[in-house]
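Both of the next two complexes hold subunit A, though its partner changes from subunit B to subunit C.
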Partner chain A sequence: MTRSPIALRVWGDYACFSRPECKVERLSYDVITPSAARGILEAIYWKPQVQWIVERIHVYREPEFTNLRRNEVASKASATNAQKAMKGTLAEPLALYADEDRQQRAATILRDVEYIIEARFDLLDDRDPVAKHYNMFKRRAEKGQCFHRPYLGTREFACHFAWVEGPIPESPLTGERDLSWMLGDMAYTPLGDKQVKQADSFCSHTRRPLKVEPQFFRAIMRDGVIEVPSHLYAPAEVTP
Partner chain B sequence: MILQALNHLYERLAADPTADVAEYGFSVQKASFCVVIAPDTTSFEVQSLLRQEDKNELPARVFVPGTGARSGSKAPPSFLWDNPAYVFGISPKGKSDNWAKQRFEAFRDFHVSLLNEIRSPAYEAFCSFLNYLTPNDSRVDTNKLGTYFGVFRLRGEQQYIHEESTIKKWWKDRWLEQELSKSSTQSTCLVSGKLEPIAESHFPKIKGVKDKPGKPSEKYLVAVDKQFRSAESYGKRCNYNSPVSQRAAFQYTTALNRLLDPAMGRRFSIGDTSVVCWTAEPSPAEDWVVEMFNPSPRAEDETELGKVKSVLDAISKGKYPTEFGPPDTPFYILGLAPNAARISVRFWHVSTVGQFVENLRKHFADLEICRGPQDLPYPPLWRLLRETVRDAKDIPDVMEGAVARALLTGGPYPQMFYTALLRRIRADREVRYVRAAALKACLIRIYEQEIPMSLDEERSDPAYQLGRLFAELEKTQEDALPGINDTIKDRYFGAASSTPATVFPRLIRMNQHHLGKLEKGKRVYHERRIQQIADMLDSFPAHFSLQEQGLFAIGYYHQRQSLFTKKSQDASAEVSE
Partner chain C sequence: MIPRIDFIYLFDVKHGNPNGDPDAGNLPRVDPETGHGLVTDVCLKRKVRNYVGLVREEQPPFEIYVKEKAVLNSQHARAYEALGIPVDEKKRKSKGEKKAEEDKQLTEWMCKNFFDVRTFGAVMTTKVNCGQVRGPVQFTLASSMDPIVSQEHAVTRCAVTTEKEAEAQSGDNRTMGRKFTIPYGLYRAHGFINPHLAAKTGFGPDDLELFWKALEQMFETDRSAARGEMAPQALICFEHADALGNAPANKLFQRVTVTRNQSTEGPARSFADYDLRIDEAELPTGITISRRL
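This part shows the complex of A and B:
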């Protein structure tokens, strides 16, 4: 097992990697999901030319849960209204009234988590040298710089991070544990420009319509290490 | 993971002919009557399926085709079973005869229209019977209908018509076809991992999760409704957010409903949380756990406890009960609580039977503390929780789940449980056996302290020694002024356990008066005991932390216990002299 070029230690007091089936009354997965790990990496460094690939996750603490109840809102802020407000054509004030739209929800979340994320990136633009992006990430991670605060699953659970140099320490967890099917990541398939209606999302960079499908993988933890299968990530589209 | 484990449970149950779970396309319904059709198909009789049990009339559980879920003003009839309005055109209260007639006709026409598709003599007989029937037929004995559903049988046959093999097979094929056509979305199912049609909502709904009266009794475990816009992500609405195939949805809900069914005796509650547990392979541990947690007040009396006590005794001695099967069998515990029209997972714990037994042993070992002759060992969970509040209904739901989790996982008890205990002790100034046991367990697990089972005179913590001192001062007062209304415990316990420096000097002064009232022998005895404890102390600290307050209460409890046990020994010594 060769070490991936990038390894990042992440930790925090709380974390919630919601299982999709328990998303309303949130229930966390036992460990960080590859998509949440990717989110952390992207918070520290991302460019349109870079596609992050999470290769391995090391788990350093026994999963431990706790419960939480809080008030949330049931609706999303309207994007159309926001656009109208920007143009100045919106009649009523742009607001979401939390008092009138309140829902109490329960959550079962993780406590005291610590992981090392092993990852690499694929370049979508092969004119760039890999070393450039690698060093940019490394410098940022060492200094603790980030584009936005990385988080453990949900925004309220801030994530601490540190660059890992040298060999990766062994996890105290032993044995093989089958964590069953776990969300790996979303697969974003670009659609044609005329298929806007079928689109689930849009590429934030090119505004191209995207079809988004969740990819599940059989997560098996061996001595605290989870291998993320490479087929989760569609091969990168290289722009000449 | 929950869904996978439940799905696996369904497969285990489906393979077991003695465990009754519905097949895909079928459901369990309560039937109160059976229409027995004569061979000439023109006459029939209505047979009651209710049976008497302790003054209650219970309906029969029958596996029938379809889910029984229907809605709309022209709700479709069910296949080969339904309520009296559909079967006989008998209108329920508040509905017009015409309303019932429409349903009766829908029921008849639906079945007759399928006559060409189903090649079965039994089905032909059934259709011909329907054609002879009129709405609200005068031959129907309405007394025998009951309040539930009806099924059909041919006279001389053992099985119901819908159980006949050709008809059953036809239904299964039709069901699959219908289900597949219902969903337009194909995706990877998160239970099976295969590409399958995804269910928009998961049927059957979950019944049997305890809730306050007046709330809907059927809920969803996985539920994203259409109005819940903030749960939409990547354009995925409803349950497409959590792709579960229709078959897996059916299987996990069926398995969960069976676990939650009160008739199965596999559900127990911890506060508002309904808990079910099961093992991956059949094991008596499943039933035993329910027995142990069963929170009915009867659990306190010895007969109820007797059933589990022998196993608990073995476990506390460090033995593994061999009847539980291999210790590495996976063991699942799921705590569910209602929240609006949904069910939330309060806790979900996967371990093995062996681990569970070990955690249980540890839990009871941490709780073990010296006790009076009336106090029973192994206080059940609800007793521990009961000690934190004035009224049982004040127990916070979140705390119950957290304490249960600590018990099951062997992790630390929640801090709020510990503080609630201390608060209660300060409020009613009473350190009873269960409270002392709970405090001891908390101090061990939260603060990683070593707490002995009974009095440790050499322990150097000032909090512990001050607790002992307080017990002795109280005892002196009791002996000096027997029958006094307001003892120093009633007045000063709270202050003594949190800010000792403010009250202990005064208590010592008062103690001089109390000693003065005693005869010489007793005075010397009390003085000596107080002196012994005081020798361990340098000064009175100004404040005690939460941890020290707990230790104070433990010291107090230990000393109280030892006072009474010592006394009985002294008494017997006096007799022997």
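This part shows the complex of A and C:
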């Protein structure tokens, strides 16, 4: 099996890749999801012309869990109140009272994780040379540079990273393990300009409406390696 | 404007509970496998917010969005009573792209007025992504240098809360309570300040200075029966000349080691029982270390 052009070792003390079905009291998947892996790559280097594709995930430690219960707030910031405050028509000072809006939530998180993410990228603009983006990513990864600090699922679990040159080290994990259905990534499908009502999000560059849908896959780990199916990444629309 | 900074923050606690675990009856948080104490990122962020709210008196552009009523004076509290946070998406008239543009303006306004929003970020109740602000300041969990030992103290109270209790005790009026402390713990937290996200939220040099001040002084304004004596012991910043960074953060963090002082024996009971070493030899180009505390 040939390795992907890009391999990045990532590790950290804790991680939480929340299962979408258990996200109130967060429960992490056993391993990093392709979408979280993509987030790490994007934290180091990303341009609108680049679409990251995670091809393989190597797992180097047996998944181990620990528990963390925290006082969290129940509400998000209210856009309506912010709008009123902005216009000066909100009677009370704008605030959210954490101690009156409490939710105690437990998180079952991973500890001591280490992965190698194998990835490639698709160029959405074929006028761009592939080598340019590849070298920019490589340079950054080698120097420890990043656009923003990458993290393992949530921001409090910041991670470290290192460029991997040459063959990918074998994992000490052996045998086949079925990790069941896992979130693969979110699919961002561009909608027509008239379909703004159905939009879940807007492209930050073209401002066009997008439909966002989660894609799941059956994760099988063989000797510590998870193959990420390519169908998770339908070709995206070329940026004009 | 703001450089990329990776920082290490050391703080300690004497006869107090730095961060109770709601899952363990408010015992100090502990990593069950190693016995090391933990303080969550949100616990530290809460103290930064409270400090800034206090010293800047809740005035824009240093208002605090996520407040604790306990830290406001009662006069305020009464005036704020009416405030609920209704999720009132239905009343918004604008749609689609116009709404997205409006959300963007709202987000900018929130960043401009609220210190905590532009420092730590916030999520607004909007469906689209622009309602989410990622702040430039990121904390990790703090963990103690050595395993901690929780002590349980039984305390008595010479009063009771209800009449019924008083009757049951036929006037004796004594109740027992429990209090947990750790005799001593030195904690280390890592943090990251990101220039690109700072530019997005408008987190400027004044904010950064205020943030450092908060780390230096926030325990002074957070005294309570539970906390004991908490104090910052060191704040070591690695500043990168390049906004993207000049060295991997893990390599920089390794330069700061905290070990037990060889001349002391027994369990650590003060910061003097530790040796803090900062290796400044052969720093990568573009990195400057400064010890602010």
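Methods note: the second predicted complex is superposed on the first by the 219 of 240 C-alpha atoms of A that agree within 3 Å, B and C clash if a C-alpha of one lies under 4 Å from a C-alpha of the other, contacts with A are read in each partner's own complex, and residues count from 1 in each chain.
Methods note: a residue touches a chain if its C-beta (ideal position, glycine included) is under 8 Å from a C-beta of that chain, and two chains touch if they have at least 3 such contacts.
Here the structure is a predicted model, which is why all the values come from computation and not from measurement.
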- In the overlay, answer first, second, both or neither for which of subunit B and subunit C A:155 touches. second
- Task: Give one of first, second, both or neither to describe whether A:4 is in contact with subunit B, with subunit C, with both, or with none.
- Result: neither
- Determine, under the contact definition given at the top, whether A:86 touches first (subunit B), second (subunit C), both, or neither. second
- Hey, is it subunit B or subunit C that touches more of subunit A? C
- Between subunit B (first) and subunit C (second), which, if any, makes contact with A:201: first, second, both or neither? both
- Task: For A:76, decide between first (touching subunit B), second (touching subunit C), both and neither.
- Result: both
- Task: Overlap the subunit B and subunit C contact sets on subunit A and report the shared residues.
- Result: 66-69, 72-73, 75-76, 104, 106, 199-201
- Message: Which residues of subunit B touch subunit A once you look at their complex with the stated criterion?
- Response: 1-4, 187-188, 190-191, 193, 221-224, 227-232, 234-236, 241-244, 337, 339-340, 342-348, 398, 401-402, 405, 409, 411, 414
- Once bound in the complex, which stretches of subunit A touch subunit B? 19-25, 27, 29-30, 64-69, 72-76, 103-106, 108, 179-181, 183, 186, 199-201, 212-216, 218
- Residues of subunit C defined as touching subunit A within the complex: 21-23, 31-33, 38, 40-42, 46, 58, 63-70, 79-80, 82-83, 85-89, 91-92, 95-97, 100, 102-103, 105-106, 109-110, 113, 117, 122-131, 134, 138-141, 143, 190, 192, 194, 196-197, 242, 244-251
- Given the complex with subunit C, which residues does subunit A contribute to the contact? 13-14, 66-73, 75-83, 86, 91-101, 104, 106, 111, 140, 143-149, 151, 155-158, 160-162, 196-197, 199-202, 204, 207, 209
